[in-house]
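Got a structure here, written out as structure tokens. Questions coming.
For reference, chains read A, B, C and D in written order, and residue numbers begin at 1 within each chain.
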Amino acid sequence: MTLLAANAAEGVFIFAPGMLWDFILIASLFVLVFVMIQRARVGLPIPEIRKIAGLEAIDEALGRATEMGKPVHYSPGMSGFGSEMYAALAVLSYVAKMAAQYDTRLIVTTRRPYIHPVASDIVKQSYLEAGRPEAFNPEDIRYVSEWQFSYTAAVMGIFQREKPAANLLIGYWMAESLVLAEAGAQAGCIQIGANTNIFQIHFFIVTCDYTLIGEELFAASAYLSKDPMLTGTVVAQDMLKIAIGCLVVIGTIIATVKGDAQSLIDFLSL
Amino acid sequence: MDWEKLQHIDIRILYVIILVCLLIPMFKPIGLPIAISDATRQVYETIENLPDGSVIWVSHDTGPGNAPELNPMITALARQAFRKNCKIIATAFFNETVGPTLVYTHINEVAEEMGKEYGVDWINLGYRINADATMKLMVENIAEGALGVDWQGEPLDKFPIMQEVKSIRDDVDLLFVTTVGSPGYSDWMQYVAEPLNKPLTGGASLTMYSGLQHYIRSGQLKGFLGGLRGAAEYELLVGAPGKGCAGMDAQSLGHVTIIVFLILGNIGYFAAKKQRQQETY
Amino acid sequence: MTVEQLGNISASICIIMAWSYLWKEDNPLYNLAEHLLVGIATGYGIGYTILVQLVPRINDEIIGNQHYSLIIPAIIGCLIYCRFFPGYEWLSKICMGFWIGYGAGNHLAFNPATYMPQVFDTFINLTNINNILYFLIVIVVIWYFIFTVRKDTPVRSGASQLGRYALMIAFGSAYGSITMAYLSLIIGQLEIIFRDTLHLIK
Amino acid sequence: MKKQLPLIVVAVTAIIVMAVKFIDLGDFGAATIKELDTWSQVTYEFAFLLGAINLTRLHYGNVSKKRPKWVYSVIALIAMVAAAIITLVNGVKGDVTVFVVENIANRIDSAVYALLGFYVCSAAYRSFKLKNVEATLLLGAAVLLMLAQAPIGDAIFPGISKVGEWILSVPNSAGMRGIRLGAGIGAYAASIRVILGLERSWTGS
């Protein structure tokens, strides 16, 4: 233990100081994902994902928009390229496919100029896969504005001009979440929200018809596509979560018995 | 009456009521009841129990963001202090630009109203870099710590108040510190209040407030004001409801409006539900 | 009239234009405000990027400091414009690939340093009722977010339901506690109109 | 190949970023992390016209096809060009630029932000209904905290602010912690899915 502590400033083995357990965390997730993908490839059974009401509701929302002959608004959130954006874009790919099949107009707004080309290509590809490439309208994939409330104002403008029947706010949201969701609700949209920002989720809970809380967003693409490989990655993330839960229990037991868990924390900070 | 309609009141009525509720107290504070906490009462009494003519050290250690919460505290303190003919030495160690200006304008406003003169009854020493070192110097010699000038660069020799107040150790009776971070109350406690055994009180932004509860319990802080709410309570004790109370009135009215509408909405909801059930049977 | 007064008047008009949405969603004042804002934000963004970022980057850093390796990302960045030239769209995907890969790698490399301390912070001693409750809530909430384990026994589904109840209390209290801060935003705007512009209050 | 190339770029970039962060390479590692950061910034800087191009295409389309309310699109285009010219000619800190940005754009921006104050009220009225256990818990906690925060609450129910403090420090912070611990792992999985090319509809395959 003393040896390890002495080495801590320089890092353990080939790892940078303090990065050993960070590496183990990420590497174990990589390994778990890899194993689960292999299982899916050879056709071994993969557990199902429990029912997530917010995701079931996507079909309902699109169906209603189709019945009413009104468009659907989708936004992948406020973040730049990062996990939340990837998850939101994966959901967009599904929503676009459904919209193409239903022949419902889909309006996508992005806050970052550099997200726009990616979102646009995803929607285009989804229309192609749904067999209706001619229905894709590039002008409905809109970059609006980079300023936070300038974006908000513009989306509120879309609510009043285009009168969408469904409003899907999926991704990472900040203070604008309440403004957008409440304006959408007053415009009569059926709303599905997803947020991973713990300081703002409650606004979606209150104003949206369905809300994906935190991690439910990261299970969404697998849930919607029902692709066994993607479902496998969700199983992998569940396994790691259970491990973290066990770690919390162990740490709490040590803290209760010894007064604090500093020794464990020091060890895990290597 | 058709109770169901309560579920669908025109939302603009709610907006107008909220606007009015927030506006009225800006024109005229109404003074809705504010329960006064023990910590605030302790601040007031600590200052009230000082002998008339004592010297109070005020440090407005705030930045621009939290200033609206803490400014009313300075105004109320100046009122209580001048009423007892106390003298005020002011500093602002947290923020170089807004701190010194804010503490000047807020004390000056009260001073002019109560006929107190700058340089005689109070002075603003402003911001000095390296707060810890400055505090330690000022304990023994205020002029040395302040580099011999006030916040505008005027030499301290020409102000009569500086002839009476030479060092914190001998001449200052109480410290009143507003705090949003570091430097803040902890530095004043560590370098000034504890070593010299001077009473330390003041106020903190709401976000910091819960973190210093145990100092209040242990008596290292003689009470402390928490956020705009604490400022409002203190204004009430001083008997001069101002910005803090106006804000509280607005907040109280706003919150009550929301809750009333929430109840109306639920009455409507249950009326509608009952009617639906009756129709089914 | 001073610049400050003019600024306050313009600010007050802007507030009224933006707030007109509350009265009637579809109205010319709001549409004007919205499009002005979008236009100015983007236009200013172009000017800002050129003057504050691009010019110093090219002049001082690449040419001045001879930091020539930065030409590579400059080319990668410019590849994104290939999407506007039919036949060369695929080149723009190299730029997107760099952005996406950098975002993912960055997240995986840097985020654990903020994640692990949160795990450590949960190691509390169960010596009082508050800590015990805290611990139990953390566990049931983590359990609620386990997606692929069947929750078919009463204990398993009950714990998951408890997790959801705990979340609802957490969300409700978060909503209630933020109301004050948001009402203050209105007060701030009203002060611009009634104090700074109209001088009706002190 | 054209379809595979972007995925290779994603994987290689991500692996390089992770390698220099995780492995102890001393000063070289630190310098590489900084260099990569600059690289990513530079790519974004050189893509700066993207926003303007997209906005122009959208509003030009509105104007040329005379869609409803196309007049506002003209305003947006004029505002954009004018703001760009003013900033470039007058400088970022110039008087005119500062006036336009501070007194028009920023004011509208913060007025839209302040709509939160109204919407926090209307959302409570519209949505807080005693529908079921969950909705009741949500409503109860919200009302309790509103009363605890506003000074009038303690005047009506003495001690309610203490209860409010307790709710925030125990159930609220524990619930949030639980979400964070779960969502953190989920976020890593999302990034891994992208690196492994499991989600790649953006490449067109």
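FYI, contacts are C-beta pairs under 8 Å (C-beta built on N, C-alpha and C of every residue); 3 or more make two chains touch, one makes a residue touch a chain.
Bear in mind the structure is a predicted one, so any value in this text is a computation, not a measurement.
J.: Count the C-beta pairs in contact for B-C and for B-D, then report the pair with the higher count.
T.: B-D
J.: Starting from the Cα centroid of chain C, hunt down the chain whose centroid lies farthest away.
T.: B
J.: If you average the CA atoms of chain B and of chain D, how many Å lie between those two points?
T.: Chain B and chain D have C-alpha centres separated by 33 Å.
J.: So the centre of each chain is just the mean of its C-alpha atoms; given that, what is the distance between chain C and chain D in Å?
T.: 2
J.: Taking the mean of the C-alpha atoms as each chain's centre, how many Å separate chain A from chain C?
T.: Those two chain centres are 15 Å apart.
J.: Return the residues of chain C touching two or more other chains; collapse runs of consecutive numbers into ranges.
T.: Correct list: 18, 21-22, 31, 33-35, 37-38, 41-42, 45, 80, 93, 96, 99-100, 102-104, 106-109, 115, 119, 122, 135, 138-139, 142, 145, 167-168, 170-172, 174-175, 179-180, 183-184, 186.
J.: On chain D, where are the residues touching two or more other chains?
T.: 18, 21-22, 44, 47-48, 50-51, 55, 69, 105, 108-110, 112-113, 115-118, 120, 122, 124, 126, 128, 138-139, 143, 146, 149-150, 169, 176, 179-183, 186-188, 191-192, 194, 202-204
J.: Any chance you could list the residues of chain B touching two or more other chains?
T.: 11, 15, 18, 251, 254-255, 258
J.: Looking at which chains touch, is this a line, ring, star, complete or other?
T.: other
J.: For chain C, which residues count as touching chain D in their complex?
T.: Against chain D, the touching part of chain C is residues 3, 6-7, 10-11, 14-15, 17-19, 21-22, 31-54, 57, 69-70, 72-74, 76-78, 80-81, 84, 90, 93-111, 115, 118-119, 121-122, 130, 133-135, 137-142, 144-145, 163-180, 182-186, 188-189, 192.
J.: Inside the complex, what are the residues of chain C that reach chain B?
T.: 22-23, 179-180, 183-184, 186-187, 190-191, 194-195, 200-201
J.: For the complex, give me every residue of chain A touching chain C.
T.: 18, 21-22, 25-26, 47-50, 52, 80-83, 85-86, 114, 117-118, 121, 144-147, 149-150, 153-154, 156-157, 159-161, 183, 186-187, 199, 201-203, 205-206, 213-216, 219, 231, 234-235, 238, 241-242, 244-245, 247-249, 251-252, 254-256, 259-261, 264-265, 268-269
J.: Across the complex, what residues on chain A touch chain D?
T.: Within the complex, chain A contacts chain D at residues 10-11, 14-17, 19, 22-23, 25-26, 29-30, 33, 37, 82-84, 86-87, 89-90, 93, 113-114, 116-118, 121-122, 124-126, 129, 139, 142-150, 152-153, 156, 161, 175, 178-179, 181-183, 185-186, 196, 198, 201, 203, 205-207, 213-215, 217-219, 221, 229-230, 233-234, 236-237, 240-241, 244-245, 248.
J.: What residues of chain B sit close enough to touch chain C in their complex?
T.: Counting only chain B, the residues touching chain C are 12, 15, 18-19, 22-23, 26-27, 247, 250-251, 254-255, 258.
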